[in-house]
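Two complexes follow with chain A in common, the first pairing it with chain B and the second with chain C.
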Partner chain A sequence: MKNETEYIKLFEENRNLIDSPCAALLNAQRPAAFAKFAAQGFPTIKDEAYRNSNVEKLFATNYGINLGRIKMGDNPHEGFTCDVPNLATRQEFIVNDCYQAEEGSRKSLPEGVLLGSLNTYARSHEALLAPYYNTLACNGDSIAQFNTAFVQDGMLLYIPRNTELTETIQLVTLLRSNIEMMSNRRLLIILEEGAKANLLVCDHSSNEKATLSTQITEVFLGNNASLNLFELEETGYANNRLAHLFVQQKGSSTFNHSSITLTGGFTRNGVYVSLEEEGAEANLSGLAICDKQQHTDNHTLVEHKAGRCTSNELYKYILDEQSTGVFAGKMHIYPDAQHTASQQTNRNLCLTSCAKMYAQPQLEIYADDVKCSHGSTVGQLDESALFYMQQRGIPKEEARHLLMFAFAGEVIDNICIDALRDRLHILVEKRFRGELNRCKGCALCKQ
Partner chain B sequence: MKKQSNNIFKKIADKAYEYGFFSNVSTEIIEKGLNENVIRLISKKKNEPEWMLEFRLTAYRYWQTLEMPTWAHLDIPPIDYQAISYYADPTKKSKKQSSEIDPELMKTFEKLGIPLEERLALSGTAVDAVMDSVSVKTTFKEELKEKGIIFCSMSEAIQEYPDLIRKYLGSVVNYRDNFFAALNSAVFSDGSFVYIPKGVRCPMELSTYFRINAANTGQFERTLIVADDDSYVSYLEGCTAPMRDENQLHAAIVEIVVCENAEVKYSTVQNWYPGDAEGKGGVYNFVTKRGECRGNNSKLSWTQVETGSAITWKYPSCVLRGDNSQGEFYSVAVTNNYQQADTGTKMIHLGRNTRSTIISKGISAGKSQNSYRGLVRVSKNADGARNYSQCDSLLLGSHCGAHTFPYMDIHNDSAVIEHEATTSKISEEQLFYCNQRGIGTEEAIGLIVNGYAKEVLNKLPMEFAIEAQKLLSVSLEGSVG
Partner chain C sequence: MENLIEIKNLHASIDGKEILKGINLTVKPGEVHAIMGPNGSGKSTLSNVLVGHPAYTVTQGEVIYKGQDLLALNPEERSHAGIFLSFQYPVEIAGVSMTNFMRAAINAKRQALGEAALSAGDFLKLMREKRALVNLDSKLANRSVNEGFSGGEKKRNEIFQMAMLEPTLSILDETDSGLDIDALRIVAEGVNKLKRPDTSTLVITHYQRLLDYIKPDIVHVLYNGKIVKTAGPELALELEERGYDWIKNPQ
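And now, the complex of A and B:
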């Protein structure tokens, strides 16, 4: 409990500092979350959900937390670009854990859409956000509680009934600091009945110092709402990320999620989807390309609480050097969730003898009229395919890249925005060639 | 049709547990409770050497430091370990000579269809019958001895072959392994010991029949099988218990050592009393089974048909240490009414070019919960490991649960690991198709279920396969419609 005690002390001693810049809505949730965190402590490898991911050691570093909300660095709106060619996106920035508003005029959003700092909107629209904020994350593990206790800002996306956002929102989270830094971010995404949106979240880093980000995303989808959420991690080996994504879906809503981990240090992505009414559909996919000491853990739980819901999962890992991949996916079919169709696939490539893969595809089924299956494999590149290509004059290294590229392609092809898909194909190819080691102000993305 | 098929299922499901009778055998039972004195008493009653008592006491002291595990997908009511008697001997009070067996006991095993008399030599199976804590009789001992095969009760083996026992006992399942292994190591009473010498192919199936008879006792048997180089043995295990309202505890250990080029086949038909339709009574079956393929080219195959027990907690495992060694696990687990099962296997790949196959078929009906939990671990040096796992679940009824919890820990890049799982139910269409062709609903269900489990049943020795098929048709059906 050594690591916890420091944070417990920090919270108790700086309660005023944490609370003062924040909205009452955020502050109101702190005491209960803090009590839960203090009681549970950080997860250890003895916790089933973290048995292959030692997050305890991440908290051993003495991080700085920007509780005083000191402005760090320049406004990224000036100069920083992480654009996707042929795709008009609306860029939003979170630097460490501060939302950066753009000064000056921007193209206006459809009427009623709220997009901006969570803290600001929690003040101005408290009644609107209160029924949502922390209602899903409050049941999360101690990392989620830790985030709720310390979080000061993040982003809000609210889309009213039957409104469609044609422009893709791109949220860039930048990690910038000269010291070891911890940032606690929060994203709240609410789509009312029939609303539609695309959101791309890119993680970038521009520093060598170790960072740890905890990020909680809560997504609420009303009837017939549809959200495409893409998460792309392109940070450095010193940047660690603990992310939880909670999704609540009403009838006939659709949620498509892709999480692509290209570079990073220790990454834990928890995805918890609750299909609460008939006809809801969730498609989750993930791709992790790891090398060096990278550790990528995707943990998913899809709860089918109502009948006639569909869920699909596809997670792929390519593990090079001493990297570790962890996949734990559970499908929980409640009693009476009849006519559920649920499928889960996990495929992994181990490229060296030091790479480790831990896979736990799990089914928990309490209804009989369901179609559920899962499959998981661990293997290598097909020797005969490599040989075939070499015979035809393709060098071995090139042949390896082609095969890996095809392996990864299946996940990328799920992405429904053409321009983004093309962009990812290029990024993944660069990653394989070792050209995408570190994102320095996104120099590579600029081309 | 639906109504009719429901009636048929109900009839079958309501069929009483056929082995639920109680035999009035005079039995010596020691006081309830567990402490060092009880362990000394058990050891003394069995006239064990000092090292054996030490083995038990160390295990007991370690057990005291442990807490009952809660990770399984089971709802286990608290067990009062002081309310159980740890030793019951049905042979002791019989006034007859020790060479003869109490006729009541004899009758019990006759009723169970276990051939204790050599007149049933034609059945070609050597049997060790264990009732409560004591091995009652082992048949064909002499014939086996001629070949150098040792097949006797564990108590006898401790007296007669102390060197072998000291060498192998606890070498596969250490007393520190888990809660129930520690408990068993402390209080185990009897079980079978098998030793197949070098180059011997055991000419007959060896079989142990376990029966819990006395009330409020636990059964803690321990089986040890050692197959020396180039040997082969096929071993069968069966179990039943009387119907009682109280729950009974069964915590066994099976250890198997497979040496170079040897092969062991271990088949189980587990039919402990599962409790009544309201979930009252039944046996708690907490078993640690593990085999180690120590030698190169060795092979170990587990086949199990699990139909009984109120709660099953069992993971027959293979440690594939020798190069080119093979592990297999074939399982059919059936749960009905309020039964709960959390069963599966562990395949630990340590040697080079090791292979393992897992075929698990779960069938749940009534209000039961059936889980598969399995681990495939490929260590860093286990080059060329290959695993194929298939876990299928069949749900009969909308109140039961079928769960799959596979774990894959892969530390080697040359491993090829495949896992797949499916969940389904018997569809109206399948039944209708059979009906159309003049096959009655009852028979159709039998066909479909037996077809579903066929892959596993085919692995059983002939006699067992027939018993298992019968068992399936009795315990399965009940709630399809």
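And now, the complex of A and C:
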């Protein structure tokens, strides 16, 4: 309980500072969350869920937290571009953990759609958000509680009944400070019955100093609602990310999630999906490309609580140098969840003898009429394929890239937006060639 | 005429076990040599050593190819220098399309020779042209390398790649194995169409059948890591009739 003490003190001594810029809805959830956090402390490697991911040490750094909501740097709407060629997106920004509104007029959204600062909407639309905010994350682990205690802003996306957002929303989270910095941000995504949306979240950083971001995303999908959520982490080796994604799905809703970890430091992505009514479908996929001391951990839990739901998981890791990968995926089929179709695949490449992969596929089935499978493999690049390509004149390094690219391609091919898929193919290729030095076209990084 | 390849007293081993025990073989430009021999005599080892397979260690001897020390080159450099191996067991490469694979191969060779990369249009035209040579379906060209190909398709695909890369020395390692009569004819005709006066072929086979189509100038018998007999094409016919025992146990 060493590192916690600092934060417990910080919270208790600065309660007014934390609360004052924030909506009552956010503040109301703090005491209970803080009590849970204070009682449990940060997870340690003695906790089963964090056995292979030592998050405790991340909190040892003395980070600054922007409790006073000081504006940091220029408005990214002017100057920062993270475009996906051939894809018109509506860009939103969160700098560290402050939502940055764009000044001036923007193209209007369909009627009833709310997109913007979570804190602002928590004030203006408290009654609308109250049935959702922190109702899933309240059951999360102590990092989720920590986020709820300290969080001051984030982004809200609310889409009313039968409304379809044709334009892809792109949220860019930017880490920007010249000291060690902690950011606690929150995304709340509510799609009412029949609503549809695409959301792309890109993590970028211009920090040389260490950062730690906690991010809680709560997603609520009504009947027949459909959300495609793409998360792309493209920060630096000093940028650490602890993310939890909670998803609640009603009948016949669809949730497609792709999480691509291209560069980062220590990454923990928890994905918790609850399929609550018949016909819901969740497709989760992840790709981690790691080198140096990078650590990427994807934890998933898919709970089939109703019958005739479908879930598919595909997670692939390519681990080079001394990097570490962790995958723990659990499918929990409840007694009433008959006719469940659930599949989980985890494939990993260790490119060096120092790279480490920990895989824990888990399946708990309490219903008797289901179709479930899971599989996990760890291997190296196929030497015979490498030699075959060399014999045809392809240099060994190029042959390795082709094989790695083919391996990664399976995850990227799942992405349903053509322009984004093409872009990711290029980014992944650049990553393998060592040409990806943070984002291209990013004005900040070029400086 | 200068020699294309000259193998002198070549010894090679795998996992510490010596397989080649002093091979001497010279091939001149334009010649077709057949290498025959019983199972386990070292035929595939010889082809693997010539293309630089990392599992084999050359312990003695030298190989001069086009006047340079072949053994000093890495596998891709040997390929760029014009050596091609039609694999006995072509490798399946999931997720890498034939088109991307071939483009990488062609352009790597062009780069090594100081030529500009082929444009997408020219490349596809070349693919179409060469595919026709071995009746390779265009659908196969869009699939992953050798993945889900039948035995015959894999061998035809080898000859297709040979057509694309236009090697100077082609080594056909049991290209006839696993082929039915029609496929054998298509593959052999493909090889013959690719033959130029300056290119040479090493045909490794167990059977006379392939040699009915690809006519050798010289036939060698490899036994226990050494070439024990060299003669004209009539030797292959004699082997077909008499087997190898008379060579293994000379009276």
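The working rule: the second predicted complex is superposed on the first by the 437 of 447 C-alpha atoms of A that agree within 3 Å, B and C clash if a C-alpha of one lies under 4 Å from a C-alpha of the other, contacts with A are read in each partner's own complex, and residues count from 1 in each chain.
Operating definition for what follows: contacts are C-beta pairs under 8 Å (C-beta built on N, C-alpha and C of every residue); 3 or more make two chains touch, one makes a residue touch a chain.
Note that this is a predicted model, so its numbers are computed, not measured.
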| item | value |
| --- | --- |
| Clash-or-fit label for the pair chain B, chain C on chain A | fit |
| In the superposition, chain B vs chain C on chain A residues touched | B |
| Partner chain in contact with A:398 - chain B first, chain C second, else both or neither | second |
| Computed vertex angle (chain A) for partners chain B and chain C, CA, steps of 10° | 70 |
| Which superposed partner A:351 touches (first chain B, second chain C, both, neither) | first |
| Contacts of A:377 with chain B and chain C, given as first, second, both or neither | first |
| Touching partner for A:12 - first (chain B), second (chain C), both, neither | neither |
| Which of chain B and chain C A:389 touches, first, second, both or neither | second |
| Touching partner for A:409 - first (chain B), second (chain C), both, neither | second |
| Nearest Cα pair across chain B and chain C, whole Å | 14 |
| Chain C-contacting residues of chain A that also contact chain B | none |
| Contact footprint of chain C on chain A as seen in their complex | 382-385, 387-396, 398-399, 402-403, 405-407, 409-410 |
| Footprint of chain A on chain C - complex, ascending | 51-54, 74-76, 78-80, 84-85, 87, 90-96, 100-101, 104-106, 108-109, 112, 144-145, 161, 165 |
| Complex contact set, residues of chain B against chain A | 71, 73, 380, 393, 395-425 |
| Residues on chain A engaged by chain B in the complex (per definition of touch) | 48, 52, 335-336, 338, 348, 350-380 |
